[in-house]
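Shown below is the structure under consideration.
Residue numbering begins at 1 within each chain, and the chains themselves are lettered A, B and C in the order written.
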Amino acid sequence: MSPTKDDGGRGIRIRGVSKIYSGTARPAVDDVSLDIAQGEFMTLLGPSGSGKTTMLSMLAGFASVTAGSIEIDGREVSRLKPHKRDLGVVFQQYALFPHLSVAKNVAFPLQQRRMAKADIAAKVAEALELVHLGDFADRLPGQLSGGQQQRVALARAVVYQPRALLMDEPLGALDRRLRDQLQREIARMHRELGMTFIFVTHDQHEALTLSDRIAVFNDGRIEQCGTPAELYERPETLFVAQFLGESTGFRGTVDRAAGVLRCGPHALRAPLLEPALDGADGVVVVRPERLELHVEAGRVAAGHNRVGATVTEIVYVGDRHQVGLRFDDGATGTATHPVGPPLPAMPGEAVTVSWDPRHQAVVADPTGSSVPSPAVEVTADA
Amino acid sequence: MTEPPRDRIKGGKEGGLGWGLRTAVALTGLLLIAPTVVVIPMSFSGADTFEFPPKTWSLRWYRSFFGSEKWMYALLTSLQIGLLVAVVATVLGVAVALGLTRSRFRGLGTVRALLMAPMIMPGIVVAVAIYGVFIRWQLNGTAVGFVVAHTVLALPFVVTAVSTSLSGYDRTMDVAAATLGATAWTTFFRITVPLVAPGVLSGFAFAFVTSLDEVVVALFLQTPDIQTLPVQMYNSITLEIDPTIAAASSLMVVVTTLVLLVPQLVRRERRTR
Amino acid sequence: MTTTTTTPAVTAVPTRGREGPRPRGRAALFILPAAALLLVFFFYPIATIVWRSFTEPHAGLGNYTALLHDGVSVKVLVRTLVTALIVAVSTLLIAYPYAYAMTKVGARARGVLTVIVLLPFWTSLMARNFAWYMLEQRGGPIERFLGAIGFDGVVLLGTVAGVALAMVQVMLPFMVLPLYSGMEGIDRRLLDAAGSLGAPRWRAFARVYVPLSVPGMLSGFSLVFIMTLGFYITPALLGSPQQSLISQVIGDRVSRLLDFGGAGALGSVLLTVTLLVLFAVSRFAGSSRALGKAVGND
């Protein structure tokens, strides 16, 4: 599952980690195992309450581990106090020391490590240069903007070259323009420093843009872990399909022998089905940009799946059109159409929707209704 | 989702207080409570001395308190002065609070600080200063003198209490009332007064208790003819060693607590209604 | 003694730039009756006592030079300042863990701790001092307790220590409340941040938490110091004439000798010290308020 570089046991190994907060029955983190390679940018993605922040807290040592082990570069750390773990942490609310200047904030971890004064000054200057805040060394954090404060926090968290940098929704408190800007800076820092980054977010776009790999959390467990492309193109669960990007889903029953998903009147082609899905309720998931719209059904390529639908609306969103669809059975979905080529149909017109089965994913239907409802709309809730 | 929201990293809440901190808090709590706690049992002592804890129990000091012309006269004097002070200080204090919150002029901050000055000035300096001029004006030993002096001391408490409730008062409600056809007077009595009433009530209570409890100025203004209860208590320790003070102290503790509790209870009642 | 904290409750007139009746200058007239009362019965008497210190019995600085040379006043003043300092420091040391605990416990426990710390406010001044008189007297509970743990014959009544103990108790609310409200604003995640940066728990506390609680400490400390300087009843009842504090000397000069000039001189010194402390604090508070704002922003 993880890119196996031969780096002599470096990296982070999480094995069977659970966390149960006192007074709660359900684990906040439930038997999670994950390997993070040295230098990797790993994102923990999930909705609020999915356990991703608790996982980060256990990595950092702010929360104790109920069960399992955490190894950093071959050393078991799950019982160590935070200050002995040698990790950098960036918080959503910056957590800069308001009584210390920017330079003193950045110098703090170096002083804890008893570094010589001259070395500290040089390192601090270097770190502030890295985040383009060299001129702000003597300011108090309260005199900086949110974006600047977060950059100071980044500088402070990497200045002592920790074994990994943990970030808890670091962009969450910023407005959109600053988010994009800081996102690029974080990507650049990752390239330049070659440090392991572990990034917690609920924002799928941040996750897709920044990460080498993404671990999708839900209900305290990892639903799926993989590269952004893997997760987007080959979601293994309905939750992953829903949470990452938009998609249209067709609900039905899997007939593995015939290689189809029976979905009301349709039999959607589904090659390469997992054996476990045979006879079970399943969902065919297709991304909007993979849906093709045809006015004449005869134009559909051979071997493609097809479903009849009516166009309900067309929304221009700048870089593309979003086409709202109502399928024959009354369910709804979305397709996209590029700006430029003429639109295939106008609202109210009937179309045939088709797609190449290679671009779909078939996942188990967790709701498991035995009555097949042919099509369901599946959209991201984030 | 049934899981408690744990969105952001939170720190320090795991574990709670260590034993060292618990011990420190317990000892500090004991220090805070001790004096109040010893007063009440002491008043039921059967002995003639201030021995604590008492070996025998009786109601004799309450009998002595309520049977003594001197103590009853002091109590009555204190209650009368206290009520007058509370009325005068509340009227003046409400006016000040209204003035401070509803006007702006150069030096407003200074005026506010000066009005609060009696709270922070050393009591003995105030007492000696007032005594000095009251001798000349022949006000010492008079009820007017006591009321005026105590009003000065009580005023800041009323202003603070009323200002607090006024500052939480949204003046757009006045506008709302006006657009609904209310005159300025109707607005004041139907909207402003009910909203500010709890603050005024606690200001009144504070003023009453301030006067009832005041000793330093009262010691200087006293004459054999007019003595307040705290002065009588002071004299009973320094001059007479009269255990009746134990009963008087218990009564004072109970009365001041009740008076200060009433506005709190009224406030809670209004909130839950 | 009953009082509220002196944090100014009204800070800003909320009507500026908002729809609403414009504040009228007329409302300022409401202040006049109280202002007149204070002018005549508070500021005038204080001005008079200061004036008399320069004029009675003879015009000039005679009363002040006498203070320097009578061999007692300077000693009393120093003793008063030292006592106030000891009381303020002890109160701070006792109040700090208590206020810290208040920020860490749940809402219910916090309510109980608040009621307990406010108890000295609610307890009548004379009743409280009488209670200390009983507790500290010869053969009283404190002497017996100290005897039981091996310190025989320690009687606090009549000593500066006995006076200070009673002062600390009544001053605790003035320290705990500002401390608590300051600590409430401190983001506990800063301690986590310090931990992740390599600081052990105690060093994170010393380097981050304690400095951020300085504004609360300062306002509590100055309040306690000033108020302790002016205590009269407690030293009069629990102290001794041989170790009197400045308030007692002022009181005695007036009540026994009718020496308003000498009392006025001592009173003026006391007033000056009070105002100097207030001034210093307000200067310092300006810079620490900027910090508080930064903390609040976070």
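Quick note on the criterion: a contact is a pair of C-beta atoms (placed from the backbone, for glycine too) under 8 Å apart; a residue touches a chain by one contact, two chains touch by 3 or more.
As the structure is a prediction and not an experimental result, all values here were calculated from the model.
The most centrally placed chain, judged by C-alpha centroids, is C. Taking the CA centroid of subunit B as reference, the farthest chain centroid is that of A. One simple way to say how far apart two chains are is to compare their mean CA positions; for subunit B and subunit C this gives 17 Å.
Chain geometry summary: the mean Cα position of subunit A and that of subunit C are 56 Å apart. Centre-to-centre, using mean CA coordinates, subunit A is 60 Å away from subunit B. Annotation for subunit C: residues touching 2 or more other chains are 189, 192, 195. Multi-chain contact residues, meaning those touching two or more other chains, occur in subunit B at positions 8-11. Looking at subunit A, one finds that residues 60, 62, 89, 91, 93 touch two or more other chains. Interface residues of subunit A, counted against subunit C in their complex, comprise 60-62, 81-83, 85-89, 91, 93-99, 108-109, 112-113, 140-143, 156-157, 160, 166.
Interface residues of subunit B, counted against subunit C in their complex, comprise 8-13, 16-17, 21-22, 24-25, 28-29, 31-36, 38-39, 42, 50-53, 92-93, 95-105, 111-112, 114-133, 148-149, 151-152, 155, 157, 159-161, 163-164, 166-167, 170-172, 174-175, 206, 209-210, 212-213, 215-216, 219-220, 230, 233-234, 237-238, 245-246, 248-250, 252-253, 256-257, 260. Contact residues on subunit C toward subunit A in their complex (touch as defined above): 187, 189-190, 192-201, 203-204, 207-208, 211-212, 214, 290-291, 293-295, 297-298.
The part of subunit C that touches subunit B in the complex is made up of residues 1-4, 6, 8-11, 13-16, 18-21, 23-31, 33-35, 37-38, 41-46, 48-49, 52, 94-95, 97-98, 100-101, 104-105, 113, 116-117, 119-120, 122-135, 137, 139-141, 166, 168-169, 172, 188-189, 191-192, 195, 226-227, 229-233, 236-237, 247, 250-251, 254-255, 260, 263-264, 267, 270-271, 274, 278.
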